[in-house]
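Look for chain A in each of the two complexes below; its partner is chain B in the first and chain C in the second.
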Partner chain A sequence: MTGMTHAITTRRAELAQRLSEHRSKIALLLVIGTIAAITAFKSEVFLSWANFENILVQCSIIGILAMGTTLLMVSGGIDLSVGSGVSLAGVLLATLMADGWSPLIAVIAAIMTASAVGGATGFLAAKSSHHPFVLTLGVLTLLQGVTLLVSISPVTDIPESFISIIDWRPLGLPLVVFVFGVVVVVTHLTLTYTALGRWLYAIGSSESAARLSGIRIDAVKVVVYAISGVFVGIGGVLMTAQLASAQPEMGRGLELAAIAAVAVGGTPLAGGRGDVLGTLLGVLLLALIGNSLNLLSITSSWQFVLQGLVIVIAVLAQRKT
Partner chain B sequence: MFGSNQRRIGAVLAAMLLALTAAACGSSDASDGGQVAATNSAKPLDGKTIAIIQSGAAEYYLKSTAGSQAAIEELGGESKVFDSAFDTTKELANVNSAIASQVDGIILFPLSDASAKAELRLANNADIPVSVLYGYSEENEDNAVGFVQVNFYNQAKALGEAFAKEVPEGPIAIISGTVGRSEVVAFHDGFVAGFGDASRIVEEVAGNYDRKVAFNATQDIITKHPDLAGLVVGNEDMAVGAVAALGDKVGQVKVASQNGSPEGNAMLQAGKLVVTVGASPSQEATMSVRLLANALMGKEADPKLCQTPWAINTPDSIVSVSWEPTPEVIGSGLADPPPCSAE
Partner chain C sequence: MVLKATGLTKSYGANQALRGVDIQVASGQIHGLVGANGAGKSTLVKVLSGAIDPDSGSITLGTWSGSSLTPRSAHQLGLACIYQDPGLAPHLDLVANVLLGQEATRFGSLLATARQRSAVTEILRTVGLSKPSETLAGALSPAEQQLLEIAKALFRDSRVLIMDEPTAALGEKERRQLFEVVRGLKDRGAAIIYISHHMDEVLDLCDVVTVMRGGQTVLHQSADKLDVDTMVTAMIGHEIAARTTEPRELGAPALQLRGVGQAAGLSDITLDLSSGEVLGVTGLVGSGRSRLARVLFGIESFERGDIQVFGTTYKPRHPSDAIKRGIGLVPEDRKKDALLMGLSAAKNITLARLTRSVLGLLNLRRERETAARWVDHLAVVPPSTRIAPNALSGGNQQKLVIARWMHAGSRILILDEPSQGVDVGARDQILGAVRNLADDGGAILVISQDIEELQQIADRVLVMRGGRIVGELDRQHITEADIIPLAMGANVQSSQYTEALT
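And then the complex of A and B:
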């Protein structure tokens, strides 16, 4: 009897500890569940497959960028040039195709450019003793200018063979959702099962301790910013296909949405913590708010108020450590 | 990584490089302007420098800037361009910089009539005439030589009337620009007045002048209203996103927009839009230069507000003036008096 009581007590303690560990995600799930329940009650189309697909499509590009941002923020980094990078990749891709380049070569060129820009930003971040916030703010402006130099006007002369890729449905999913899924898996595997992932957590927890333990911090930063750059390039390519056009301001503000999703998902700006599941929930929450408020016909002024409130509540519900 | 001295030296070198680049750009502009001035000695802006303070690097404003520059050059002057990057504090700083540069006149594209208020007072105190592109209010009248802008209400009313003919029955939705902007309110009110039957407007969502936001909003609207017959979009940038989201439903859902941009005209010709209302940023900017040139010659604009000409476009008939600063557009905008619209 005493043994049984002891086992129950131990299990309860374990459960309490697990709940405590995942408090942030449980809180986020509660917020998401509440919004979903209210919207489902008020809107008959909310629970339809078509609407579920809408939500997935709407969160895919932000989600891809947020995965790169998760890697950066876990390591204590940040990249405010993500939105400008999307614009550059998209406009470059569209301009190359308008100039007669093969869509495949143009896609590779756009993604490689975005990755190279990311790598260069990582190199500068590694060589700077300051937080990359200001540095990447500078890169944001620089990329805006470079994008305008590539094309000052929207580019719409895009071959149908490229635009039609958006209609592909691998595994029955819209292409953007499928790519998002692949990026999620790659990011999760990177963070959880690779040495790079361990190094990112170590650098985010204490850069000086990580340096003393022999981690090549500069190289890691270049690599992680370059990986984020690849995701930025993919985002630019998908957005160009989705909108059948590219314009110099197409990525404006995406960096803030990506950072908000990661932060809401529980990754602190200081780094050292965070995971893909949290970011996924953050991305889902942001997409869900927009979708729900539209379906409920909430006026635009109230949409701003409610969006802000939900994000504030989600952040306040996070676990303090 | 680097020693602090090395960093300081690096910073100084970078600053010197920037200063040299700026000086080189400035001298090249001046020499170009000098040549223009030399060949246009009898023109009203001969020897004068005009500051163009543009709202930001969006296509519409870039075309406005190009139109202003071409018109200033045509009238013998030279131009200095300042970009406010959609930031009111930067806009104010740009006006201060223009005043400090002792320019002879300013073409101001303010972000709102509210932001223009203080800037016009500053320029007025410095005796620098300002011609304003958008930003009209009675309160600002005394401090500017003239205003050029579209009458959004009348424009949207005409669009509403044309759209009511294209979509005689069924529910319609509106994707508007950024909430809180005066032109968005005027566009909404004008459209509803022209369309007539407000009960058919089943949804109105803000697209924030962003094609991705408009894409998402359109997806939500069409999911909620699968029987939607029409969609009105506040500009053609957002219309690109809306049309992409509609996909195969373009046709079932007829789309209207406003701008008259090259991108919008291409969508009209492709049958993706059924009607648009368009005006030319190059032409209205050129008209603004005409008002400024007249003021510098002592000729006051009366009335102060000159409304931009606009036209309804359909797939069969695209009649609004080109966005490009072609010689014809510049020529028509610089006519004296400028071709202000009665509507």
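And then the complex of A and C:
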């Protein structure tokens, strides 16, 4: 083979690989564009900044959880307990504030609790030889119970000073959107530019190869579940502020919405691949469907049908290797 | 003769696997088939069982005669193969496994009839499988699985059985049980071809022995006129010319083991490896050669003895301990244990030592540049840092793994079967790179059962058997004639072979 054809073959192989890596994102963008175009054509409200902000606010909390879930799924892990973690963090926060704790201390306590729960889940996941699916399903139920032990009824006695944080607009953005943005950036930096991020990809590709390259897998798992736990805590705090109350069922089902967004975004359950941009597109697409159907005055039952279809099609369309 | 083959030849490209094989097996006879790796035993089995067609030669099986069989016709003519890893259905019970594919259909259902059930139970008793017939195949011990395979063959009325290393996974007691059954089959008039690496076993069990070497049958003799030494001599044949490279200067001791042992299968391993040296370790499957690597690298538990790395005590607990001490491992199964199949070459190369900048963040540009140098240095094809291993050939994948440890600055490199699954061109490049590492002062431990590979790069070879080092061979004696008797446990001097051959 001459040098010239050699170089061309190499370029072609690289291009083919890049295309297949980004194929799902290109498809997602096309779908998002199509839905946006149809909705914009039928409804003039859609293209307003207010509506766009509305979409972002609606998807921020799920988005924050989805970022933690991205970290987990890249490493081949999963955590089904994030929804009930949100409930626990929210109810704990509200109860502490109702007991007269300062909001700042209560917020820190809630986030730290969620993070500790995540770390403990990570420890168990590291020690178990099975996929963490069933394990974290157990943690989900356990946290539901613990939340009910903290408070069986909704907690509404929340200081005004806390509820008002939802009106903060750092950089002109609603607080939840701002925090979501920070979490997106932190997650992206972690995955791309830190050793931890690289280790997550390595573990997701092959645990055995990762271990034989000197990676302390157990420690990495504890850390990544704890980071996801921090995001869960933040989600619980923001949701409590949004609702101006906390109730034991507030986080129900959020884990599935987060996992769906990550999966639609191209991260396989087996791990080793995936990124923040994909998850971001997944979160946006699912939120956009809800928003569009609302604006087009289509009954919300269709929302579930469509969202479900998108998840199914996205997963079927993903590349195998 | 139930089975007779004459003048069988078969070549794969330039490699002639069979060069005129003659074999005759009579009913009521156990026929031992022995030979070193690559002697052509497996090819012969494949030809006899119809899996591949020979280039020339003729086969007679029972009343049938012709030039080649198909798996189906071999089967119908009453020939069955029993492999080391039985192909059983683990979730089906014993009866269902025996009947698999032979079920009498009744009302369109595939359930065993009562008559079939009792026939199978009878056969299970014949082969000495005493478990209840509802037992699932997955719950059987390796020995019992072998027996179940034999039962399957009997149920199909097989008159010729080929058994390939049936005792490889068995303990002593199970082995005896299996021998009883095989002898029982012989008394019932079956013809059995028995393949094994264990010479004493062959002598004990077989009536006739055929030795293969280089694709030919070189010895055919009744077992009571044979001994281990004669068989091994026949297996080895002429000595291969020794390598001619000059001995090199050795540096300081890099790795010293004193009485290293482990309950699971290593005892009293003592060895010294110096900088600049390539030390080979060889032995049969199960001799402990790979286990030694796994213990040194902190994958398996290190229990007894003392290890010194560059003069300081080393107690491996985790691969990261090994890497900190400058040890790298190129594992046998690179796809599972080394490579990140879907991630770029650059990420694969830098995994054990990430390119971090001041803040501890990854410097992706430097990562690509560093990786590009290794890709260039080891001539990875295609020369790209972005391509993932799943698009590379075995040889180029292996280069990435070696590059990982060169990049990590490993001064002691352990390679387990480095050129397995690697094409010839890449093999020379890889062995050349390993050789260069040693010339630059690296200490190399090459674990291999490929004698040619050891001849090509090793300065010295240790032979292991049963978890122990049973011999050390210097460069002039890295030959089949020296290695095989040690690895197999025959008590002979290499000079005896030379005499026997002249």
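What we mean here is this: the second predicted complex is superposed on the first by the 296 of 321 C-alpha atoms of A that agree within 3 Å, B and C clash if a C-alpha of one lies under 4 Å from a C-alpha of the other, contacts with A are read in each partner's own complex, and residues count from 1 in each chain.
Note that a residue touches a chain if its C-beta (ideal position, glycine included) is under 8 Å from a C-beta of that chain, and two chains touch if they have at least 3 such contacts.
Keep in mind the model is a prediction, meaning the values are calculated, not measured.
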item: Chain B versus chain C as contact partner of A:Lys127, first or second or both or neither; value: first
item: Greater residue coverage of chain A in the superposed arrangement, chain B or chain C; value: B
item: First (chain B), second (chain C), both or neither touched by A:Val45; value: first
item: Which of chain B and chain C A:Val57 touches, first, second, both or neither; value: first
item: Which of chain B and chain C A:Leu148 touches, first, second, both or neither; value: first
item: First (chain B), second (chain C), both or neither touched by A:Gln303; value: first
item: Partner chain(s) touched by A:Gln242 [first = chain B, second = chain C, both, neither]; value: first
item: First (chain B), second (chain C), both or neither touched by A:Gln17; value: second
item: Which superposed partner A:Thr156 touches (first chain B, second chain C, both, neither); value: first
item: First (chain B), second (chain C), both or neither touched by A:Leu316; value: neither
item: Chain A positions touched by chain B in one structure and by chain C in the second; value: none
item: For the chain B and chain A complex, residues of the former touching the latter; value: 1-2, 57-59, 62, 176, 179-180, 203-206, 210-212, 215-217, 219-221, 223-224, 237, 240-241, 243-244, 262-263, 266
item: Chain A residues within the chain C interface of the complex; value: 6, 9-10, 13-14, 17-18, 189, 192-195, 197-198, 201-202, 205-206, 208-216, 272-273, 321
item: Residue numbers on chain A that touch chain B, as the complex places them; value: 43, 45, 48, 50-51, 54, 57-58, 61, 126-129, 144, 148, 152-154, 156, 239, 242-245, 247-250, 252-253, 290-291, 294-295, 297, 299-301, 303-304
item: Residues of chain C defined as touching chain A within the complex; value: 297, 299, 318-320, 322-324, 329, 331, 336-343, 347, 351-352, 354, 356, 360-362, 364, 382-384, 386-388, 390-391, 404
